[in-house]
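Presented sequentially are two complexes of chain A, the first with chain B as partner and the second with chain C.
== the complex of A and B ==
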């Protein structure tokens, strides 16, 4: 009862309040109250997430499972970032409140968290994303084969977009004697993206929206309880 | 290291090719002329046609992984807004977006020293809560953003004092990649409350936003190409930017993109030639 019925009731009431507030403007203050509670609960979820991360990685270190060194690194990085962020270490006071030592923004210039972000997080994050260029080029060679009609359509479209999105499109077709509508850039900008792509995307988005409505209704009336996890 | 083995190219050659393709235009500083597309012109007009001192929300919903594509875009938009003397309200729904705002404000203050915090711009920083933040902003702006990142009460700042809801701003510029981002801004603010919006996103995400043009979004800048075209467009209108090297960061990055794309197209063609040669050999046998 306590484990499942009450959470289902909370979810249903919160959801219904938001739906009602959308159609009945005087009920907007209720929706604001629910939204505030959501934000408080989300903040608590951050604490739970952090605790869970600690538990899992400490367990891994304690059992000396393969890769436990990475877990140790994760815990050290997490703890350091958390402490320097919470205590605003190195952050200068806000110009508006110079006498208050903790009044500066947590990512204020010169702070340790700002340093970690600028010199560790940013290069690592950007490097991981930049590696995609290498994997995409390898995949383009290995997987992009005209094995059937669908693959051929995809291949031709991808090539046109790849060329049209750079100066190559202008170099290849950007001449006065070629009809402007047949130039690669125009084919991408006037046909592929706004006609074929946009119509497909709209259909997908409408489909997703209908799916969300149906799933939300199931959650509101309590027939879908999958978000509560397993019975055990 | 053999170049070709059983119709397969050793991937180390491919990686080396990509390294050279990306590095050579950077080292040789190769750039290409850009011609703004209709979508870029629409974004430009949306900002340019606002009257002076209009309030523009600039949402920086991305992290450093996408900054390579999106930072030149947001910098160009901030420059354009400053040239038009618009008032800018910065905020982000992404935690790593907060330092992105800071770096743009640094650029703004360096290039436009007369811009004053709290009057001409405000940094509202990271707003945790994704869509819920947007819902609250539409019903009670100051409940969600009670203070800026300096700890000043938004009710006391001239730029935010008159705002009771976010619908009162003149334009929302959402530069994002992923969730929460431009899609959520459209669904919770732009579309239901009829607020004018333009978007900016990475090249891979742009096709999903084109579906919202022109009713929910005025237009969208897609990837570094969109940023480069936008830089060209504002330089054409404000020639004083021509001398500013950091105002052509997107144009500079189109060189590596051009070479990278050419390599990928070459690899696709090469892969298919080898595929058909192997297929023919199999048929002949």
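== the complex of A and C ==
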């Protein structure tokens, strides 16, 4: 009982404070206070997250389960990054306090953490992001196969938008003898995007906004407690 | 003879020295124009400097207004005014202190470092390209910031929110009293049972991703709500459930939720805490971890419910490549097309938030959906009214109707109302 009631009360009070602060300027400081509590909670939870990560990967290494080498690499990377960050290894002192070796910013240029970030983390991140280009192609190929009427409409619309948004549209239809309103670029810019696309998007957004209001209200008044687990 | 030659040599030397000296003499000596730079004249000062209380704040800000300097011409080249410097003081005995500056063609500055108990005088100076200041112009009277207890710019939003909330509460209450509401079928949510059943039959795990935002995001809360239902089904069917999270707080919440669901299903022994684990806060690091696990363990069912960004398609395409049945739901409109293209079922916008009510079938929760429908009707009515007023304004060009349209657009339907 208490295990559910107290979290619901905390969620309700914090939520109400944030709602009230949106309309009453003097209550803004309360909202800032609630946000600070959340930051503190998140920081403490990060220790739990780190501990969980360590435990799971150490278990995997200990049991020699398939792929344990990746776990070892994860543990090494995590530990090295944590140590070089905490101890500011290789970080030059701040210009304001040159005699104090630890006065520099922990991500300051020249430090080991900076090196890891620039030469390991950033390229790896970019690599993952670059995969998106290939996935867009494969997803588009599947989605645009004209297997039924809806897919056919999708294919035609997508082709028109694709051509209209690129130089191909101007190249194909951008001639003086074609009415400017019938040129591909105009069809896309003046008609398809601001009329059909925008109205569809707005309808979805209004639905989302009402859904957010309803879900938030149910959480605030404790009607929906399923985020705390099933009660039955 | 020799003396005469020496004398000529001397005269020649004197003549050369004289010519060189004359050449090097300041040209001003010969009445020519000076080559020295003149001190540039300062620009004309700004005028009508005044300060007003900044609206809808806690009494910590004042707006300072002025009319542009006569030399601050919009397309002048070179510019005679580069910026305006703003100074303030609290009493007549104090010196003016700088509080900020604005670039040319700006007529307003907001001083956000005020205190509601103090009054302030302001002084504005136009500054030329070489830093030459104009005459300072000050406010005629001191101004004191005031605390506003209601943010009037959000008044319409507040009214609309109140109406929608009241409708939701009303229908929840009616549902509690026994009114029954019908709800249309949502194929994506009907397929949750099928997906978990399929995973059980294939002996492969179910994977649940609750987005990449923290638990303070309502989409993550909605995702965790659906997780509780999915966890109940996996407990019932004895299927394995994997929940990698990108936030530590989501991990702790998800663990509590799944554990409670397993307990409610009478299978606390089947709960595996280590299957709900934290990976990293980093977007693509998280994606790499999740997709790696997908490729290794080939889950039979993948659920994506929460707040997603660019990672949505990478996750869904990887799930597709391992042959998983995939159900997704998000309120991030830009990611919906990716999920629609790559997943078997997608909950679009409000369907995602209706999932909890739909899956639980609790009357009180179903009542909230009816309240949402009422909100939609109100929204449609306001939009229709806006269209009607805009049409009439376009046809009649009447000033009063134009003013009404402006009010509707910028208050009831605009940023202060329907689109906060």
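By definition in this document, the second predicted complex is superposed on the first by the 205 of 232 C-alpha atoms of A that agree within 3 Å, B and C clash if a C-alpha of one lies under 4 Å from a C-alpha of the other, contacts with A are read in each partner's own complex, and residues count from 1 in each chain.
In this section, contacts are C-beta pairs under 8 Å (C-beta built on N, C-alpha and C of every residue); 3 or more make two chains touch, one makes a residue touch a chain.
Please read these numbers as outputs of a predicted model, since none were measured by experiment.
J.: After the superposition on A, what does A:201 contact: first (chain B), second (chain C), both or neither?
T.: After superposition on chain A, A:201 lies in contact with both partners, chain B and chain C.
J.: Identify the partner contact of A:59: answer first if only chain B is touched, second if only chain C is, both if each is, neither if none is.
T.: Only chain C is touched by A:59; chain B is not.
J.: Is A:125 contacted by the first partner chain B, the second partner chain C, both or neither?
T.: A:125 sits against chain B and chain C alike.
J.: Determine, under the contact definition given at the top, whether A:103 touches first (chain B), second (chain C), both, or neither.
T.: It touches chain B, and chain C stays clear.
J.: With both complexes superposed on chain A, which partner does A:5 reach: first (chain B), second (chain C), both or neither?
T.: Once the two structures are laid over each other on A, A:5 reaches no partner at all.
J.: A:226 in the overlay: touching chain B, chain C, both, or neither? Say first, second, both or neither.
T.: After superposing on A, A:226 lies in contact with chain C but is clear of chain B.
J.: Can A:79 be said to touch chain B (first), chain C (second), both, or neither?
T.: In the superposition, A:79 touches no partner, neither chain B nor chain C.
J.: Pick one for A:94: touches chain B only (first), chain C only (second), both, or neither.
T.: First partner only, chain B.
J.: Using the superposition on chain A described above, determine whether A:168 touches chain B (first), chain C (second), both, or neither.
T.: The first partner, chain B, only.
J.: Intersection of chain A residues contacting chain B with those contacting chain C?
T.: 28, 38, 42, 125, 128-129, 136, 138, 140, 142, 201, 205.
J.: What part of chain A is in contact with chain C in the complex they form?
T.: 22-26, 28-29, 38, 41-42, 45-50, 52-53, 55-56, 59, 66-67, 70, 124-125, 128-129, 131-132, 135-136, 138-140, 142-143, 201, 204-208, 210-219, 221, 223-224, 226-232
J.: Quick check: in the complex, which residue numbers of chain C touch chain A?
T.: 56-58, 147-151, 154, 158, 161, 164-165, 168-169, 172, 214, 216, 218, 221-222, 224-225, 228-229, 231-232, 247-249, 251-253, 256-261, 263-265, 274, 277-279, 282, 284-285, 287-288, 292, 296, 310, 313-314, 316-317, 320, 331, 333, 336, 338, 340-342, 348-350, 352-354, 356-357, 360, 364-365, 368-369, 371-372, 375-376, 379, 418
J.: How about chain B: which of its residues touch chain A in the complex?
T.: 8-9, 11, 14-15, 17-19, 22, 32-35, 37-39, 63-68, 96, 98-99, 102, 106, 123, 125, 128-129, 132-133, 135-136, 139-140, 143, 149-152, 203, 206-208, 210-211, 213, 223, 225, 254, 257-258, 260-265, 267-268, 270-272, 275
J.: Would you mind writing out the residues of chain A in touch with chain B in their complex?
T.: 18, 28, 31-32, 35-36, 38-39, 42-43, 94-97, 103-105, 107-109, 114, 117-118, 121-123, 125-126, 128-130, 133-134, 136-138, 140-142, 144-147, 155, 158-159, 162-163, 165-168, 170, 185, 189, 193-194, 197-198, 201-202, 205
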